[in-house]
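Sharing a structure here in structure tokens format.
Labels run A, B, C, D and E following the written order; every chain starts at residue 1.
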Amino acid sequence: MRPSAMIRTLYRHRHSPIVTELPTEQLQSAVRDPQARLWIDMQAPSAEEYALVLEQLYRFHPLAIEDVVSDVHVPKVDDYGSYLYLVVHTLGLGQERMAIETHEVDIFLGNSYLITIHDEPMPVIDKLWRTDYHQERGLARGPAILLYDLLDRQVDSYVPLLEEFEIQVEALGDAIFRQERDQDEVLLNDILTAKTSALRLRRILIPQRELMQRLARSDYEVIPADARIYFRDVYDHMVRLADLTDSMRDLVSSTIETHLALANNRMSEVMKVLTIISTIFIPLSFLAGVYGMNFEHMPELYWRWAYPAIWLVFLSVGAGMLLFFRRRQWL
Amino acid sequence: MRPSAMIRTLYRHRHSPIVTELPTEQLQSAVRDPQARLWIDMQAPSAEEYALVLEQLYRFHPLAIEDVVSDVHVPKVDDYGSYLYLVVHTLGLGQERMAIETHEVDIFLGNSYLITIHDEPMPVIDKLWRTDYHQERGLARGPAILLYDLLDRQVDSYVPLLEEFEIQVEALGDAIFRQERDQDEVLLNDILTAKTSALRLRRILIPQRELMQRLARSDYEVIPADARIYFRDVYDHMVRLADLTDSMRDLVSSTIETHLALANNRMSEVMKVLTIISTIFIPLSFLAGVYGMNFEHMPELYWRWAYPAIWLVFLSVGAGMLLFFRRRQWL
Amino acid sequence: MRPSAMIRTLYRHRHSPIVTELPTEQLQSAVRDPQARLWIDMQAPSAEEYALVLEQLYRFHPLAIEDVVSDVHVPKVDDYGSYLYLVVHTLGLGQERMAIETHEVDIFLGNSYLITIHDEPMPVIDKLWRTDYHQERGLARGPAILLYDLLDRQVDSYVPLLEEFEIQVEALGDAIFRQERDQDEVLLNDILTAKTSALRLRRILIPQRELMQRLARSDYEVIPADARIYFRDVYDHMVRLADLTDSMRDLVSSTIETHLALANNRMSEVMKVLTIISTIFIPLSFLAGVYGMNFEHMPELYWRWAYPAIWLVFLSVGAGMLLFFRRRQWL
Amino acid sequence: MRPSAMIRTLYRHRHSPIVTELPTEQLQSAVRDPQARLWIDMQAPSAEEYALVLEQLYRFHPLAIEDVVSDVHVPKVDDYGSYLYLVVHTLGLGQERMAIETHEVDIFLGNSYLITIHDEPMPVIDKLWRTDYHQERGLARGPAILLYDLLDRQVDSYVPLLEEFEIQVEALGDAIFRQERDQDEVLLNDILTAKTSALRLRRILIPQRELMQRLARSDYEVIPADARIYFRDVYDHMVRLADLTDSMRDLVSSTIETHLALANNRMSEVMKVLTIISTIFIPLSFLAGVYGMNFEHMPELYWRWAYPAIWLVFLSVGAGMLLFFRRRQWL
Amino acid sequence: MRPSAMIRTLYRHRHSPIVTELPTEQLQSAVRDPQARLWIDMQAPSAEEYALVLEQLYRFHPLAIEDVVSDVHVPKVDDYGSYLYLVVHTLGLGQERMAIETHEVDIFLGNSYLITIHDEPMPVIDKLWRTDYHQERGLARGPAILLYDLLDRQVDSYVPLLEEFEIQVEALGDAIFRQERDQDEVLLNDILTAKTSALRLRRILIPQRELMQRLARSDYEVIPADARIYFRDVYDHMVRLADLTDSMRDLVSSTIETHLALANNRMSEVMKVLTIISTIFIPLSFLAGVYGMNFEHMPELYWRWAYPAIWLVFLSVGAGMLLFFRRRQWL
């Protein structure tokens, strides 16, 4: 199901605590107003909405607009002087068990505006979308700090997801030691999905971490010097998350290795049972077969104690085999 | 089948919107004309054509010409001051399933000309080879931006190919979980080809990505400062493609690993069936064999209830074995 | 069981050798006193204690305080000019065999104070928490050298732990060559835990090593130039420990590999026993079965030397098989 | 067989096109002549010849001479101001199939001389050792360009060797899919040798590539600025060769992996045959054994239709088993 | 057995060729003598000897002394201005086959003295410990060049050891192809030890190589500018050795891989023998069992040619099976 398209705007005068939600018709005059601070959020916009906001109102560079419209997949920041264009990603649980998906968010950051563009609903934006929040904080502290607010909460929202994922990976590591019938293919499927997820996370989180470092260190026009320490804070959290992802990838790899070793062990156990039983009874069966032959001249058949004697042989051979297996540590 | 050789030229006067396709005879005077802008495209040229264009008309450096004639295999850019020599690669589907091939393209970029040399037909060049395109765009914006046009479309043309490849790799990942008779060797062959393709892609895309970064960052005489941002755009797309290639390589590796684990599991299942059947019936057969012996003095043979009793023993031993297997989780 | 919460302070006048333990009530005036040198140690503090010390008394940056309260997981140092904020980790044995755990310690280092914050009791701090120690050393030499004292002893305390761990890993490497029944799953569990521990150690020790290098090299306001060589000393020890961790990771990996090879070998041995016994006796059993058939017209049954002759056949076939196996090096 | 020792010299006056081969007796005066340009080639020289040329005539640094006499194994360039000392390697086919060997060449490059020292005959040197070649090219363009000539041809001579090697590796990749009896150990030996060769190539080609880059970039006294572009050309070729080597290493690794997976598959097929046959006939044999027992009181034995009935049972059980295997996709 | 402790001193006046071995009592005055050049060698010194030389006579930094007394494990160089403190390692054969051990050596290098400290006897030092050697070389050229002498010979002494090790690793690579009974566990143990040794070598040689590079490049007060080229020479030799170590690590890894593949192949051979024999004789045994049943009404039993006919059946089934196996390439 396609999420409903939406375009909405928060407006705050630079020197007034009053924040209002602006109808799209008034957007044009607000963009022209040098005292306005705006946050425009576009969810699954149409081609016309793209054209209106990005081309007509803000006249962003065609290359940036092209990147907004198409999906770029890798986090990045482009500096166009009077504004920054960012691509970041949010995380979400996928359909399959152990699957994690990522969704792209496009961001424009100017001196007086923040524009966020995404296809899926973003709970973190919804939480910040309250006019009272922007009276003292949010837009009140400028678009750069508002962007920090957004990214910081976004990153914080990954933590429970990743911790849940870590718990599930550790559960997989325990499940392989429990021997449950018909669970092996399910487990292998989960492990493969988990590995794919861990690798995908790594590929998103590591460039996103570098992006935060660039925001914290570089000399961008639209990020005031005293805002940089905040992006450094987000950077630290990304370091932690990337680290957690590395742990999970290694844990999944070790789990696959151990699963193989366990499967090997269990196959060995199966083979031992087969070998022990076969090795004991196949020679005995041969012996019984010998005395089931119908030759006329088989003197043993007529001996008085032959039958008890053959049982003695059976038992000795069997006991000897058992001893042999015990000496080899199979029993 | 060798593609037909071809050499063709687009001509545009620096200050006139009229673009014409030039016969080869007029090439010499056009090259000497300081107001001319030229795009020369050579497909599978002969030694004489090489000599004419590269040596006589343009007098390129012998080392560059040697690289054009022989295949160099690795993307690179050489700066000869008044012109750049580039080697880039295009992608194409190979003969075998899951196979991807690469073809080399040699490019000379001067202030007033672009020369493209390739052995295979290139659909992207054919699409740009229309005189009307170069009235406002293409040659009208200079050879550097024309090169961007070319590279950008070239890179865009990889995307469907890579996405199709990704879909096929994921299909392989699903196919190994379906147990289809006699498909295993085919699957393994596909997986091996896919891995080879992913590794080959990586080796082409990563130096090509670095090449784009050099075009975007370095201070080449023939690339105007305001054209650099365009090569940066191509660079971003290459980053994404290289990233996709990494994903596929990892996915293929995980698929091989999982295939091994699955094969192991299935062998285990086979062994269990063998072991269960053997372990139950081999001892019973021995017992039957015992009472098939022809000893004269076997008192049990003459007991009234011996036959039903032996069946009781058979059934108990069999049931005991089944219980043993169930306790070991084999059933 | 939650360790008991605790907050305690050592006070030393800059020019007096007398060191006293300060009650929390006098903390405020001591913090304001420009001649005071303080070491505040907080164990599992409550939210109010956090607020009192970090916000009211010292007014640390909110981002640093946020990091103290939440767990950050990766060692780091943040320079806030008049103070440093550090996150380091201590090591401890975990519950499971071969498990190693890490605990986070938060540290503030100012020109006249050291603040240490941790959830678990820290024996190294307890050992330095003696007023006489700080008369000539410890606080007497300033908070930076006191921090070195602390870190140096902390790092020294890892050595026996890591050496014990190394001995256990080597013991695992020997244990896999001893063939003890039912020990394999236990061994595999230990090896997997050891690998996880080695990887976790690496992820803590390597950033902690870099942290020490930054303390030794960077130009922090609160670290006097002549104190840097001491952090260089701790850095060297960290290099050694990180190196030891690498050794262990490699050793564990080789152990897993060798375990697999050994398991393979042993399975081969099992298969050989089964194959030798089956290959000898299954054909013989067939032969015995043939002469157990009840056909009326089987001339051999009535020959005089048939029974000894068939035994000759049995023995020849058996001996031939044994020769075949010896030639194949199975026996 | 030791190649015959040899020392030979080409002499060219700086301003005269006449090139002559100099007898060793005239070497001393030629070395002292400021207008002379010399190329001295030493093959498997004796200790006296080393002493004569390197110590007495040229007085090279003792450390360089020590490196010439002993084998150093890793390509390098040492700058002694008025001369360069280089160690490079040539490639050759080894004795075993898939084996590639490397031989060391020591080179001194001065402003007016080139000295090449090697133990094995070098066809590339023999090809350039013609007096007429040095009238216009070779020594005529100075020792640095002569060295380029030598290295360029040397590197070009690797290409057919490496391409042949690549073809053989690909042939191995196909051979593992053909199931030829008794070929497996031969194949494994070839694969192991190929991997060793690929790794050895990598270790020679990569430092040799870096060496070329240093010649192309650094500011050596004996390499004229306009000669650097030539070493850049050799560098490009080395990049391509190193890249080819990486491909082969990866291809060999994938081949080993696939070989293991295939071997696994084939073992599975063997096990299935065994299991199917055993699972069908072992229970039937038991049943036959039951009715081969000699109990007096076995009523079934005397029933009129017992024998046809038991055949019905035999066939039903067999058919049931076949159905079971077909449902499991084993048939 | 603990090696005997020893402390000995070589003395040379700066401007006199006479070198004498100094009794420990005269050490103090010699250390104070500005014209003296000293080489002090301490083998397994006691705590008092440490205190005497390092603390009282030379007053080295406490951190350096602490590093001498404790074992640091990783090669390093610390610059204390008027002296350098170095930790290097020597190699030796270990107890187990394929085991290589490393021993730590501590070195102080001043403008007029060299101090070497080690626990094990060092043959290289013993060889240089001759008064006549230091008349023209050794101490005559200053402590820095003496240190080079020592390190160069030390490194040269590794070469035969590493070459012997390489030969043994290659012998392992051949041994796995010979199929010798009961050798497999011994081989695996050797391979595991060899891998551990190769990894340990790498971890010592690579930092030691970097150390040499620092001595060759850095601007240390106690190393004269013209001595640096000598350390560059040692560096080259270390590069070669580190490279050799990499080769061995890769060779050992490939050997393990190949061993696994071979073991797999041989298990396959075993399984095929079992399967061929079982598949032929188990159905035949069933058939023999059928005609061993005692049913009253089995018409075949009384046919005239039944017995020859059943043999025909036996032989046809056996031949059919053999054909089947040959078609599958098992025979």
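Basically, contacts are C-beta pairs under 8 Å (C-beta built on N, C-alpha and C of every residue); 3 or more make two chains touch, one makes a residue touch a chain.
Owing to the predicted nature of the structure, the values given are computational and were not obtained by experimental measurement.
Among the remaining chains, not one touches chain B and also chain D.
The rotation relating chain C to chain D, fitted on Cα atoms, amounts to 145°, rounded to the nearest 5. One simple way to say how far apart two chains are is to compare their mean CA positions; for chain A and chain B this gives 25 Å. Between chain A and chain E the centroid-to-centroid distance comes to 41 Å (mean Cα coordinates, whole Å).
Looking at chain B, one finds that residues 260, 264, 267, 271, 274, 278, 282, 285, 289, 292-294, 298 touch two or more other chains.
Taken as a graph of touching chains, this assembly is arranged as a ring, one closed cycle with exactly two partners per chain. Order of chains round the ring, from chain C towards chain E, by the touch criterion defined above: C, E, D, B, A. Every residue of chain E that touches chain C in the complex is listed here, in rising order: 61, 63, 66-67, 72-74, 76, 78, 179-181, 184-185, 188-189, 191-192, 195-196, 199-200, 203, 256, 259-260, 263-264, 266-267, 269-271, 273-274, 277-278, 281-282, 284-285, 288-289, 291-294, 298, 300-307, 310, 314. Taken in their complex, chain E has these residues touching chain D: 173, 177, 229-230, 232-233, 236-237, 239-240, 243-244, 246-247, 250-251, 254-255, 257-258, 260-262, 264-265, 267-268, 271-272, 274-275, 278-279, 282-283, 285-286, 289-290, 292-298, 329-331.
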